[in-house]
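The two complexes that follow have chain A in common; it is paired with chain B in the first and with chain C in the second.
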Partner chain A sequence: MTTRVLPMLIMNRSAEMKNRPFKDLLILCSAILLLVLSPLLSVCFGAADISFNDVFAIIYRLLGGEADVSAIKERIVLELRFPRIILAFLAGAGLSLSGAVLQTVTRNPLADPYLFGISSGASFGAVLVIASVGASSSVVSITGGAFIGGALSVLLVVSLAGMGVQIERMLLAGVAVQFMFSSATSLVLYLSDPQAAASLLFWILGSFTRASWDNLLLPAVIIAFCLVIFLAFSRPLRAILSGDESAKALGVEVYRLRIGMLLLSSLLTATLVASCGGIGFVGLMVPHIVRRILLNHSQYVLIGSAIFGGVFMIWVDVLARMLLENSELPVGVITAAMGSMFFLLVLKRRTGSA
Partner chain B sequence: MPGCIYADVEQSKPINRIIALSPHSVEMLFVLGAGDRIIATTKFSNYPPKAEDIPRIGGYNGIQIEKILALKSDLIIAWMDGNKIEDIEKMEKLGLNVYRSKTRSLDNIANELILFGEMIGLEDSGQQAANAFNARLKKIRTKNENKSPVRYFYQLWDEPLRAMAAGSWINAVMSACGGKNVFNNPALDYPEISIENVLIAAPEVFVIPSHHGTYTGGVDKWKKWPEIPAIANDQIYFIDGDLLHRFSTRILDGMEQVCIAFDKVRASRSTTVTNLNMTLNEQ
Partner chain C sequence: MNRKQLLTVNNLTWFAQEKEILSDVNFHINQGEFVGMIGPNGAGKSSLMRCLYRVNKPTEGSVEFDGQDIWQYSAKLNAKNIAVILQDHTEQLGLTVMDVISQGLTPHKHLFEWDTPEDRQKIERLISEVDLISLRDAPFNQLSGGEKQRVMLARAMLQNPQLLIMDEPTNHLDVHYQVELLQKVKKLDMTVLASFHDLNLAAAFCDSILLIHHGKLLAFGKPEDVITEKNLNDIFNTKVVVDQHPLYDHPRITYAYYE
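Showing the complex of A and B:
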């Protein structure tokens, strides 16, 4: 049933869509403006008192100019806050992108990076590494654990769904795999001592505190790589939205495309879970909002999801470090709280206007 | 005052079979010379070494109540902050002789030594142990009360970074040595923090508990932040978490180690201390 909702929605709007490219472009431009301004403004928020002038001076000096700003402020901005903002952006962008693609290939509006158990698999891998090797385990091995967990969940889903890869079977397999890994994670939490369990819980809820320039490269490269491939396949992806049969009639290799997109999405999610823990709801919510604003113009929806998701996450992280004095709030808690409220609001307005 | 807490305990019956559901109660019973009366305990009760031989019937996440029933104990020492409250209530409902051990302040350790002594018929040992504990605690406090405060950061956990804040009971151990917690956030006892929070707080010393005596990592990432006085002056101390996080007499061993560390911090002050807050405010 649900699989029919999305294509129908698009069909109804396709006529309207034709005279909207200019407006879409305008929205995209404002999104890019947001993209430039958000990091510059958000960098002013944090424990240390750093003004916009300081940030401006630091950037000016970075570009070779002469400016008077204390060394410590410069280090805080350049070594702590910017990597963190970039990681937040990458996480938001990657998860939203992954969600947008998954919603398209499954034709299910509820699809998100969590659907196929990717994040629960990746979380399990990471948690297992932290619990067994200890808190001092290097980021590399946590990332490795998350990757293996995420990949394992995709393998399980694909093999459970069978060669035909019917969407319904895949969704059900995903739900089963998700529960399986969640229970395994709970078991690890249950068996570890209270100290470790509390820390693992913080990790599962997501945090950008670990960000540093060294660990930004991998997520950045993978997100860029996936974005390029997703964009290259935006036409066949749109064809899938109108149903497997019609897509096949148009010459799209539905099965291979779906598996490929699924694998790429899991690569994205696993990388992000490995570097900042599990952050829910962004991947589900952002593509919907973007589709609502951009009316399903496929390339724009992908780019728009990435930009809006990233910017959204930058501001969520500002809240995470500002809401409590002298401490951090788990990012996942804020995304879920804010996301669900916003989502309900959008849905309410939508049903109200219909 | 101590007498009123264990109204249910039958004084007439000798207490020979004790189930001690926390590491600290096991340690205290051994101090009183009643270690051989413990018939069961929980996962992390590892001190003194003889305690390792006691059979286990659960951990912080739950206790096997059926086994407790089968063991036919005379006394169960439960732990308000460590055992599940449902488990404690269930044991009480089943008519078992349960004492609820509360671990909230240093002074309560001596009270519990007296209480345990009274409950198991070793009043003299209890009183003696309590007196010894109080005398030692007083000695440490007197020795350190007029020393200059030391601004410390207690790195409870490394990844994600978590601190012990001033509201936590571990704080009392540090205060006795003249320590001033740089995180005096009233909202959370064990807040998750960022490197930036520590930079701003500019602690003079890092105290890092080594969990179960094994963990010594979590320092490397600080090396590149010499703006923090503790890092600039290499004032990082690892102290056995079992000593600091357990409400038994050994907490004073931990406290003495902390005091020695803080003395070293005071001695290191002769070298120039960069104060980050000052640097920031100058701008």
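Showing the complex of A and C:
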């Protein structure tokens, strides 16, 4: 028996090796498929009844063809659902990227813009701007406020936990900073008038309802910019994974790189908080899963996290639209529910293996 | 043999938070030499090494590589000159053996410059040189101590330095792996500086030996001149007998356990 199993095992092993390019190709194809199909399918879900045929007809007409669709349906799809889906994609992609980079530079598999207090810092900054200027405040000023809040929380976490990377200290510092900014946000909410407070609250919990074509450009540009920078530095980022001293011996300016990447992560998070509120745990979950599927090549983890994070968020938003009848759930509630379970699982696995 | 000085340490003094850890260390390493560093725990061996690969900045004195202060080189250029194999390896996010080895290319690449097919061929060749073909895609943190050190050796070889620094490379390894690793390094014909716990290994593999105690360089020379009964009795506070190895002509250290 054993004499027969052994050669088979060896054969399997070498077959597996040969299949690796095939596996990579398969992953790439499925990512592209998901990327194309998700927006088209997800646009059919929502309060108004819109079929797949309607969607195709609308797109066909958009491209200059002749098709029969009602004007209301067309407006719903083009003015409401598509911008919303794109914003969801951007949010998922950006938060996942931010999480992937945070996890790398802190070598902390549990790092996440939300757990690090960046989201709550950014929320506080944005809420402060909205509460003091009013609902008319421009996207740029909200984003600016969010960035200052987010960067402040990064600096606080780093100064509390030190530049040396200690997972537990960083997590605790992140939680403390998160509490601090959350309570400050609560205070602003408490002091503002009830109507404003209700809309602010909904936004803090995370939602894509404010999506429109004009406020997609800023997040798209910032995400593309950050992705390019992250890809440029993917090699030094991978070197950091083996420890600071080891990275220094490989010629990486570790502290400078870490601060730069932390600030870019908070820029990403702040931009997204400004446009759709604090959505937690996506940045924790998606890079984890992507690393599990891919073999760990830093630049592919980054691209993969962006694509899968975006697609994931599109479908979470579908859930948010569909779960309650005649009403909408804040997406942040759904991601937090999924994410906290995931967090516990990861924590259990980590303590189990330690 | 008259070979060029690769690394020169001049009057090196280093303070860690007001405390003097290294004082007035002077030595140089010639190209092609295998230099060992010995000394009791806390003597300052690792601190001295960190001064050589730019983690510690000298408080006084200087470290020169090829005639130029290492702090005048860029971080990248330094990493092209000097590769380091550390004692302990931390890794959390599931890098594979392949990933860790390919880190050796870091100082040789610009931003956006990804691995080329030639790079991959070079990596594959190194993987087979250190006998890790079957573990190529295995997660690094699941390897044994000996396998990890072989991965780090392959990474250092990919880094292609002029000087290889190893901080207690044989720590935590079984005897077989200790010898195997050092033989592999020896075969590279590279300039090496390595610290040792095991004095017999130091005596067997090194062309010359640095003896460090309380942050000072007490002796530097051929193994038979440094590893003497007097030096070891004084510094390691253990009774030893030093004679010649029965198979080779380098010193052998035998510890006396009872009075």
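One rule holds for everything that comes next: the second predicted complex is superposed on the first by the 264 of 354 C-alpha atoms of A that agree within 3 Å, B and C clash if a C-alpha of one lies under 4 Å from a C-alpha of the other, contacts with A are read in each partner's own complex, and residues count from 1 in each chain.
To be clear about the criterion, a residue touches a chain if its C-beta (ideal position, glycine included) is under 8 Å from a C-beta of that chain, and two chains touch if they have at least 3 such contacts.
Fair warning: this is a prediction, and the values are worked out from it, not measured in the lab.
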Touch check for A:246: first (chain B), second (chain C), both, or neither? second
Does the superposition put A:97 against chain B (first), chain C (second), both, or neither? neither
Please work out whether A:238 is in contact with chain B alone, chain C alone, both, or neither, and reply first, second, both or neither. second
Touch test for A:291: chain B only (first), chain C only (second), both, or neither? second
Is A:107 contacted by the first partner chain B, the second partner chain C, both or neither? second
Partner chain A, residues of chain C touching it in the complex: 50, 53-55, 74-80, 82-84, 86, 89-96, 98-100, 102-107, 109, 111-114, 134, 136-137, 159
What residues on chain A touch chain C, complex-wise? 13, 17, 20, 103-104, 107-109, 167, 231-236, 238-239, 241-243, 245-246, 248-253, 291, 295-299
Seen from chain A, its contact residues with chain B in the complex are 46-49, 54, 69-70, 72-73, 75-76, 80-81, 130, 134-137, 190, 193-196, 198-199, 202-203, 207, 209-210, 321, 324-330
Any idea which chain B residues touch chain A in the complex? 43-44, 59-61, 156-163, 165, 183, 185, 187-188, 190-197, 199-201, 211-212, 215, 217-218, 227, 241, 276, 279-280, 282-283
